[in-house]
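In the two complexes that follow, chain A is the common piece, with chain B as its partner first and chain C second.
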Partner chain A sequence: MDSIYKSLVDIVDKEHVSNRPEELFIYSFDLGTAEPRRPDYVVSPATTEQIQEIVRLANRENIPIVPLGAGLSLAGLAVPQKGGIILDLKRMDRIIEVNENARYALIECGVSQGQLTAYLEKNFPRLTHSEPGAPPAATIVGNIVIHGQGDLAQPYGFNSDLINGLEVVLPTGEICRFGSCAVDAGWFTYHPLPDVGLFFGWCGTTGIVTKMSIRLFPAKPIRGVGTFVVDNESLVPEIIGKLTYTQMTEDIIAFSRAIPPFAAGLQHITINIAADSEKELEFKQEIIFDDTLGEYIRRGEGGFLGFTRGLERPQISKTSDYKKGGGFEYVGGIMPVETYSQCYRKGREISERHSIPYTVTGRIIGAGHSMMFAWTYAFNRADTESIKQARDALHETDDLVMELGGVIWKPGIYGQKIIIERLDPGTRLLMKQVRKLLDPNGIMNPGNWEGF
Partner chain B sequence: MYELKFDLEKCLACQTQACLTKCRFIKVDVETAKREIIKIARGEDSFVLHECVTCYACEEYCPMDNHPFYLIVERQEALNCAPTPQPLIQRAVNLGVPFRGEPEITEINGPVLNMGAFSELMHLIQGRLFEGLAVISTDPRKMFHYFCQLMYLHYARSSIIKERLPGIINTIAKHKPTDVICFHDECYGAYTSYASAVGMDVPFRPVHFFEFLYQRLKVLKESIKPIKMKVAYQRPCSSRLSHEKHHLVRYIFDLIGADYAEREYDGENALCCAGTIQGQKREGSRKRSIEIQQRNIEDMKKNGAQICVFNCPACYQTIGQKVAAVGIKPMYMSDLCRLAIGENPTLWR
Partner chain C sequence: MSWEDFKYKEIIHRCFRCGYCKFPVNWMDVNNCPPYARFRMETYSCGGRLWLTRAWLDERIEWTEHLAEILYSCTTCKNCVVKCPLGFNIDIVNMITAARSEMVESGKLPTDVKKILENTELYGNPYGLSRSKRDNWAMGMEIETYSDQEYLLFVGCAGSYDTRAMQSIQALGRILKNAEVSFGILGSKENCDGNEIKMLGESGLFEMLVQNNIALFIKHKVRKIITLSPHAYNAIKNYYPAYGGEFQVFHYTQILRDIMMDGRSDFVHKDKIRITYHDPCFLGRWNDEYDAPRTILKNIPGVQFVEMEKNRNSALCCGGGGGNFIMDILGGSKDSPARRRVREAFDKKANVIAVSCPKCLIMLEDAVKEEDMDNMISVRDISEIFLDALECNTRTCNK
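Entry: the complex of A and B
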């Protein structure tokens, strides 16, 4: 019998290890346009200790390890570029603690967005977390380690800013803890110990996060979405500036898309509002829609479409329905809000050049500090030409992000390459040394963040 | 090109100028009303064009059948003074664009129910009332091929209606229907009132939804168990185009044993749902719409309504939740009728 397979079975159990081609096939691709790469093994551990043993085995055998949450990044980040072991973390799905007073949840790395949302709604209805626009199966830790954002990004920032501590298995097998938990003081704060933020944005090349404490926020009983529409994209940055100034909104998203036709050529700005009472809701609506946006309405430049009670969570892209074959992938750029109109116009040009109905979305992060602007391209999974077309559009868009003065979010291999080319020499050297120091055998998700 | 048949002489002969003097949103005396309607008819600007909230009611108020509302909308478009901000107009214009291919045409050679742009509400046409009835526009992906376009009266875009409506009529006609039962008042108004006002041919007989329900209820009379609840009716703006059918609400209520909630804002005096008003350019429009809704719902409550019945999905969407919040059950007319014949409407709790 294959000795690595046998060792993995010894660490976990037979039920949770596989080297069967039909199962490896499933793990060889994600839902985006990345070329498939087949792993050699897939293993699904249940404990941090099992992960430690698997990592030690991989070092001994010099075989790559690719940590995997739900595999929904779309950017090919968990496609095993050089084969090896896929570490499927979905079994580690315990919600260990929810602290209602300190407002945090301590979770394992396989807890999904839908799982925590349902758990909080049932047991702690006054608390919520910042849920991204991903399918409910997406894991919370997976989203945070790629610097994801959620529907509380506007008031509070990136999800990776909203953590109170983490536990990591290093590429050499040691366990490290960061935040107050590192001194056994509970999981209530990430600060003020020395900052060693080495695990976010590294695409699983610096370690495996096994536990995380995430911040929770008040969930007000009345939540809903107001929609404002403009036909001049140049107005969007100043409108966003005014909306964020009110400090009365939760999520703010601007979008435009060719399909369905109602949105074509227009910018829809959705504004989430939460309130404890009808009085508070009306007060906020008055400030936002009458006082702040009223001038655009009176001039006929913008229109209030109405306020809909209730939040559809998660708010998931429907772009995969636009073409036969159900595929879509997007480039997310972290952009200055002032670039909105250029992002929209140039994104539309790229889409039209590749005969793909355009879809663009900007989610505001912080009080207008930046936005995650997504250019989405639909493709037919059964048509290699259609996939190539989308991939070309994605690469052009990666270049566009950098050209417009933004930074590519969760870059795939191509995006990582063009970022590395622009990194300042000092940072480049430090990143190279960090990788070498943490992962001397180069086993962690190789192919990513290489070529410094 | 289709031209609105509007006769200024009728206005000159009119003694009441009810189109404007009865308006719930503009306060004018007879003299001012006459002056302004003449200005509008002659293509001049008038404050009426700027203050009209597009509630459709003047079509009902006009004693001369002279289509004052259609005229106002044409002038709003010509003088570029739509009540709604341009981005909302563009959005509405985009909304009705048919996409995702052509509809499948099956020949009916008989009566048919047209769901128009409400294919997603098929759950409202279930049960014995609709047994054996052919239905068109059942696919939400293609429903805009059957969209009557009259919504553009709210957006000062008569030109869009005139451009698109003949194609819609043609699509429906391809099914070779005899009678076309219109799920929504707006469609009925389009194929009767509006088409006639602009000289557009309609090669089938439009049937009002309430007329259909009433006739079916008569057939199923033996199954009716009186509702015995007080029911308020939320009259939609487009019912002003078919006011001659409004009496059917009472006929249906009488037949199903529902107690008609007599109230201030009823019949000719009805208040619209104010969904359109909230987005208009005029300062304070959002608050104004809330105030209208509050008055309307308070009136239902004051007069003991236990149920508020709707025929218009837009009204239901706009104030259904608010009605429910004060303890009045919102429901569609077809569901109320189904309840009366002992059926449990979908989603009924």
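Entry: the complex of A and C
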């Protein structure tokens, strides 16, 4: 019997280890356009200790390890570029603690967005977390380690800014803790110890996060979404500036898309508002929709489409079925808000050049500090030409992000390459040294963040 | 059948594998797809099965026993159909049964599936037991053979042969007699209803069973049918009409509800008992009947009814559908859906898990034993709970 397989079975158990063609096939794919690559083994561990043992085994055998959450990054980040062991972390799905007063949740790495949302709604209805627009199966830790953003990004920033501590299995097998938990003081803060933030944005090349404490926020009983629309995209940055100035909104998203055709070219801005009472809601609506946006209506430059009570959480996305083809992928760029109109125009051009109906979305991060602008390309999974068109469009968009002065979010292999080309030499050297220091045998998700 | 002939060729690639199909309606966990809950590998998720099916049929992967096990681990519970937000969701289970049909046609089947099909063809039941034993459950009960009564009581294979399920059909028989319902049985002439055969992908045998049953029903001038099993209810209600079998079909809980609501039964007040209800997939998600069983339980004196966290169209399947109550691909682990379900009931401090399906009865009762909870919780068919509560139970109807 294959000795690595036998060792993995000894560490976990037979039912959660596979080197059979079916598992190797399924785990070779990303859900986006990335080319599949076969792993050699698929393992689904249940404990941090099992992960430690697997990592030590991988070092001994010099075989790659690729950590995997729900695999919903769509950027090919968990495709095993050089084979090895896929570590499916979703079995580690315990919500260990929710601290209502300190407002945090301590979770294992496999907890899904839907699971925490449902748990909080049932047990702690006055608390909520910043939930991304990803499917509910997306793992919270997976989203955070790629610097994801959620529906509280406007008031509070990136989800990776909203953590209180983490536990990591290093590439050499040791367990490290960061934040107050490192001094056994609970999981309530990430600061003020020396900053060793080495695990976000690294695409699983610096360690495997096994536990994380994330910040929770007040969940107001009344929540809803207002929609404002303008036909001049150059007005959007100004409107965003005014909306964020009110400090009365939660999520702010601007979007435009080709379908339905009558609305193509229009810029929709959705504004989430939360309140404790009808009086508060009415006050916020007045400030936001009458005082702040009223001038655009009076000038005939925009219109208010109404306010819908209630938030759909988790969000249900049908994007993958736009072309009845089962596929879509997007490039997310972290962009200055002022580039909105260029992002829209040039993104639309790229889509039209590749015969893909355009869909662009900008989610505001912080008080207008930046936005995550997403250019989405649907494709037909059964049509290789359609996949190629989308892949080409994605690469062009990666280039566009950098041209417009942004930074590619969760870059795939192509995006990583063009970022590395532009990296400050000092930063490039440091990143290279960090990788070498943490992962001397180069086992962690090789193929990613290489070529410094 | 080639890939070109696959009926769902134009839609099977539309599954994105977003994972909605793993959840119950309230998103509380990713364990509502029974095979995925059991194995927690993406291959066993609904999306994994669809992607593997496509890869097998367009020859990117080869048939293996493991592939067959993955496809046959689906219990056809329809949780995926309920949860998938995309336009092709109605066909998700159909795509799996179509892939199984290809395995049947090519003879590439797990041994247990072969055995079920052979037994059903030879003996009219998946257990391979003699037809002559089909009415053993009714011995001494003075149940009439069907002869123009108002209802045919269709017992089904589990009720006829499984010793535990026999207790539920016996209870039902006593209740119907007590309520003076005009009914009869076909005894050894009864045959498999075909539902599981269809789910296993054997469309030829399924059609033969359906046509034979319809001919038998017509010969006996059957108009109204009561089924013990929701699986039989599903087949007769939804598939038989396409073959010319138009019958009024009732699940037995619908009849018991009417008996109760019409005041045709007197109940005694017993000690309080905390009961939860497990929705069978073929009554709930397949046929949208969630209320009749609950109406019965809530109106039995002394019953304190409590819902499990996952209920109605979010109920976790017992793991027995699609032939799995015999094959037991999902058994042998604390993660087996039946054992998970028992723990969900226990979490609600229920003393009794009420069921309305003989397969659920068998699966969950076994799970209680495996969980070593025999002294804490029991699994009972609604017919048994109903009979126990009848005032007459202390006199004539329990004979």
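The rule is short, and it goes like this: the second predicted complex is superposed on the first by the 448 of 452 C-alpha atoms of A that agree within 3 Å, B and C clash if a C-alpha of one lies under 4 Å from a C-alpha of the other, contacts with A are read in each partner's own complex, and residues count from 1 in each chain.
Quick note on the criterion: a contact is a pair of C-beta atoms (placed from the backbone, for glycine too) under 8 Å apart; a residue touches a chain by one contact, two chains touch by 3 or more.
Just so it is clear, the structure is predicted and the values come from calculations on it, not from any experiment.
A.B. asks: So in the superposed three-chain picture, is A:417 touching just chain B, just chain C, both, or none of them (first/second/both/neither)?
C.D. replies: So A:417 meets neither chain B nor chain C here.
A.B. asks: Between chain B and chain C, which makes contact with more of the residues in chain A?
C.D. replies: C
A.B. asks: With both complexes overlaid on chain A, does A:432 touch chain B (first), chain C (second), both or neither?
C.D. replies: neither
A.B. asks: Kindly classify A:21 by the partners it touches after superposition: chain B alone (first), chain C alone (second), both, or neither?
C.D. replies: second
A.B. asks: Once chain A of both complexes is superposed, is A:94 in touch with chain B (first), chain C (second), both, or neither?
C.D. replies: Touch partners of A:94: none, neither chain B nor chain C.
A.B. asks: Who does A:177 touch here: chain B (first), chain C (second), both, or neither?
C.D. replies: Touch partners of A:177: none, neither chain B nor chain C.
A.B. asks: In the complex of these two chains, what residues of chain A are touching chain C?
C.D. replies: Its residues touching chain C are 15-16, 18, 20-23, 25-27, 29, 31, 42, 44, 70-72, 88, 90-91, 93, 112, 114-115, 117-119, 122, 135-137, 314, 316-318, 320-321, 324-328, 380-382.
A.B. asks: Give the list of chain B residues in touch with chain A in this complex.
C.D. replies: It is residues 84-88, 90-92, 94-95, 97, 99, 275, 278-279, 281-287, 290, 318, 321 of chain B that touch chain A.
A.B. asks: Residue numbers of chain A touching chain B in their complex, please.
C.D. replies: Contacts found on chain A: 229-231, 259-266, 282, 285-286, 289-290, 294, 296-306, 309.
A.B. asks: What residues on chain C touch chain A, complex-wise?
C.D. replies: 11, 13-20, 22-23, 26-30, 39-43, 48, 51-52, 55, 60-62, 64, 66-67, 70, 85-88, 333
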